[in-house]
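After this come two complexes, each holding chain A, first together with chain B and then together with chain C.
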Partner chain A sequence: MRFGEPRGHEASARGVLEEGAIGDPMSPPDGHPADDVLSLVIDTVATVAPTVGRVGAESPLIGGRAVLDSVGLVTLLVTLEQRLDNAVDLSALFMGQADPDAPENPFRTVASLADHLRRSLGRPAGS
Partner chain B sequence: MTDPMRCLLISDFTIAGLGPFLEAAADPPALACAAAPFDLVLPVLLDATADCWAPAPDVAVVWTQPHCAIKAFSRLVGSEPSSTAEVLREVDEFVGALRVAAGRVGTLFVPTWTRPGYDRGLGVLDVDPKVGPAYHLLRMNARLAEGLADAGNVFVLDAGRWVAQAGAAASSPKLWHLGKIAFGPDVFKHAAADIKAGVRATRGSARKLVVLDLDETLWGGIVGDVGWENLTLGGHDPVGEAYVAFQRELKALTRRGIVLAIVSKNTEAVAFEAIDRHPEMVLGRDDFAGWRINWEDKARNIVELVTGLNLGLESAVFIDDNPAERARVREALPQVAVPEWPKDPLLYTKALAELTCFDTAVISAEDRARTVLYVADRRRDDLKQGAQSLEEYLRSLGLRVTWERLAAANLPRATQLLNKTNQMNLTTRRLTEPTFLAWAETGGNRALAFRVADRFGDYGLVGLASLTVDAGMAEVVDFVLSCRVLGRGVEAAMLHCLATSARAAGAERLAATHRPTARNAPCREFFESRSGFVRAGDESRYEWSLTTPYPLPEHIVLDGDGEDRPSDSGRSTRPEATRA
Partner chain C sequence: MRGELEATPGLGLSLHLHHVGILVAAIEPAQAAYVRTFGHVTCTDVVHDPVQTAYVQFLKLPHDAVYVELVSPDGEGSKLANALRKGGGLNHLCYATPDIDAACRQLRASGLFALQAPVPAVAFRGRRIAWFMGADRVAFEVVERGPPGEL
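Moving on, here comes the complex of A and B:
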């Protein structure tokens, strides 16, 4: 990596911003109701990657437009586990994902990760 | 907008997570980070041709894990054959590699070695001097710090504090196994704050002045309402004790060269009655360089106060318990740092300790005495008010100027003065300590440092002048004087010494060429109007014919530093004390 060059995830974040896909974390757009789990994921993304800009429910976490690089994604998952007192095991799920682009992959977006966490924690949608 | 400073991250773990925290815009200066190849620390440090060194970084961070950087420590942790001597020898070798790399970068930061908090090591034997990993880690970090203490551009940072601040989230075996990431984001966040504070420190942009409110900030209660006897300050009371502790921390800042001042909406006499008479006040009148205690707008008062102290607004921090006053100053004076301040006085010392804006790369004797110098200045001003003329005032000061050659003993302060002085600075040359000394010791070059004192106190080392002599022409290279002594004839005393030195070296003319910057017009004005030098062709070039000795002002007593003189003859002679 060279000095001054944008990281892949920064370029991705800008692309997403230009398309208006990143919303206000306090009032998530994209049809997802505000909830504690979603807010936790959004806050943790901001903690892991302070330069990534505003993050919303549909912000992608993997793929070419991801707001995080692979190091950032690993850090996000482990930090989320720590913040949830290790009540979920995202690391094992991450290692077991054969197809990162599969539509059911929980790491596709902030919202899909929040949905997965909600199911794992046995919480109803919107909690 | 200036380009961001280039920052190279060298590590034996995945350090990419630190980059975004360093690049976050909220905390100046702007940095653009790049990571050196993973886990090639020693080859990168020793190989000047490695790709990552081009273009040359302004800043580098070398952050390693103890068991990776020091193999003897890894063996010791694994209960394999090892010894303290082997461990320390490897640390010395690592220090040597860091010193080599330091030559390629403006500033090098080296975080100390840590172990994960969950690692109990040998438990009850962890600090055992023979086998304990914790004991050896302490010795390793001490050796690292000692080995780099005299490297002017290398700073060892306390990573242990970052790990402690991050708590249980500081590290995780999962982070390591999944991504070779040694630390969690909270550690990187704290590390970035300290590294950026360090960069600011090396650029001389530390804050020097704390402007304080009084009521509910230095003491509890409104002194104008309750009277000084009923303030919450000290005593057997948690809040009173907290205010005393806060004042103690502020007093400690003054010993690091940070100046205190007061801006308060109060009646001045009432406020000083509290300061002078309350038995639990830690800070006295002489701990404050200045004050504006009145009912005027605080932003306006801060501007007047800072101007009166010959400081810039970018030097000031404003601490006030009142959020409305903080908002007002933030809006009116964006250059002033206005930290958010806790409502609870029990948290004041923590809020102060967390500020990173006071970090400096060096603390000189002049820094430590800065408050005393300002208090003496206040007394000089009182004298000036009562004097009949400027001449009478200058005579009454009893000014004594002492010159000395640039040498190891005065090099840190002289270099600090060279790099931080903006107004009375002929060329605004910026140099590191080794470069400055090497230049001064080169044939034909001379650099003199000047100390100034008067009957009110010692200003310390406040002047610096250098010249280079070639074929009958002596050229002034640096002419630097702290604004604290401007206009008192010290400038002429410095030129007297330079002229004496130039004459002794065989020069016939002494010339000075002003290189303009945004802030050094006062230096040009001096050479143009008050130096006695004549314009020589170019409108920024001034000369003095050395057929005439340069006069020393009558009100100044000039001393040399003993056995040396500002010439290359090596004879023990004072510069000729020619009088105007």
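Moving on, here comes the complex of A and C:
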């Protein structure tokens, strides 16, 4: 186990986004859209904050109605980095956010974070 | 994207534990309690750090090398206000390093999430500090090592 990795981390970082690993368009997981990046974010929110209840694409990640507190948001981001085998650098993005309320902030919602990850991974929309 | 460093345990960082941060509502009563209960000596005045949006004070046991840092939010808008609303208490571990830039690169390569790049800190007379967090939710501070006899 790598330093800082959560105990009971059930998802393999390598291959988590391989075809069919999450979000097979033919058989979406319960309540998750057929979008593997979006499903990964939703699944990771549920893993790091199991008590938040139902999480969807429009669930806010920052601000007064956020489903996570600030520590929870960082835990989500570091866990996503690990699940994506460190293929994206969310830390640099996090430190570069001068205005957390800006409409272009990728941490605004689950969907905006998924969009950012998709672009960073070079994956087409809806994948 | 994270440089060429491999995550090698403790790779030449020469870290040592500098202090344990304790988040409190107010410095003075906490300082008095640590002095009375454990026999800590007070090593610094209460210092306001506008970057960290906090008041801080350092204590130490007379024959110990590790400090206790009492940290208190400087107002409702402090970055620490939310954590205090949840109860405060043990807040972070801080490691001193002779090369904070190398330490930050290595800690990042080891999987820690960088929260704040190195910035000067009032409490350390302008020596830089940086912040990290792991997926286990433990916050880590790194500080540039000071000259002998200095905090």
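Note that in this section the second predicted complex is superposed on the first by the 94 of 127 C-alpha atoms of A that agree within 3 Å, B and C clash if a C-alpha of one lies under 4 Å from a C-alpha of the other, contacts with A are read in each partner's own complex, and residues count from 1 in each chain.
We take it that a contact is a pair of C-beta atoms (placed from the backbone, for glycine too) under 8 Å apart; a residue touches a chain by one contact, two chains touch by 3 or more.
Because the structure is predicted, anything quoted here is derived from the model rather than measured.
Pick one for A:124: touches chain B only (first), chain C only (second), both, or neither.
Neither partner.
Which partner chains sit in contact with A:49 here, chain B, chain C, both or neither? Use first/second/both/neither.
first
Now for A:78: first (chain B), second (chain C), both, or neither, which partner does it touch?
Both: A:78 reaches chain B and chain C.
Is A:95 touching anything from chain B or chain C once the two structures are fitted on A? First, second, both or neither.
both
Quick one: is A:64 in contact with chain B, with chain C, with both, or with neither? Answer first, second, both or neither.
neither
Could you give the residue numbers on chain A that contact chain B in one complex and chain C in the other?
Dual-contact residues (chain A): 2-5, 7, 48, 69-71, 74-75, 78-79, 81-82, 91, 94-95.
Give every residue of chain C touching chain A within the complex, in rising order.
1-2, 7, 82-83, 86, 108, 110-117, 133-138
How about chain B: which of its residues touch chain A in the complex?
Contact set of chain B toward chain A: 3-4, 6, 14, 16-17, 19-21, 23-25, 32-35, 55, 57, 168-169, 172, 174-175, 178-179, 181, 184-186, 189.
Which residues, counting only chain A, touch chain C once they are in their complex?
Residues in contact with chain C: 2-7, 9, 48, 69-71, 74-75, 77-79, 81-82, 86, 88-92, 94-95.
Could you list, by residue number, the parts of chain A that touch chain B in their complex?
Those in contact with chain B are residues 1-5, 7, 47-52, 69-72, 74-75, 78-79, 81-82, 91, 94-95.
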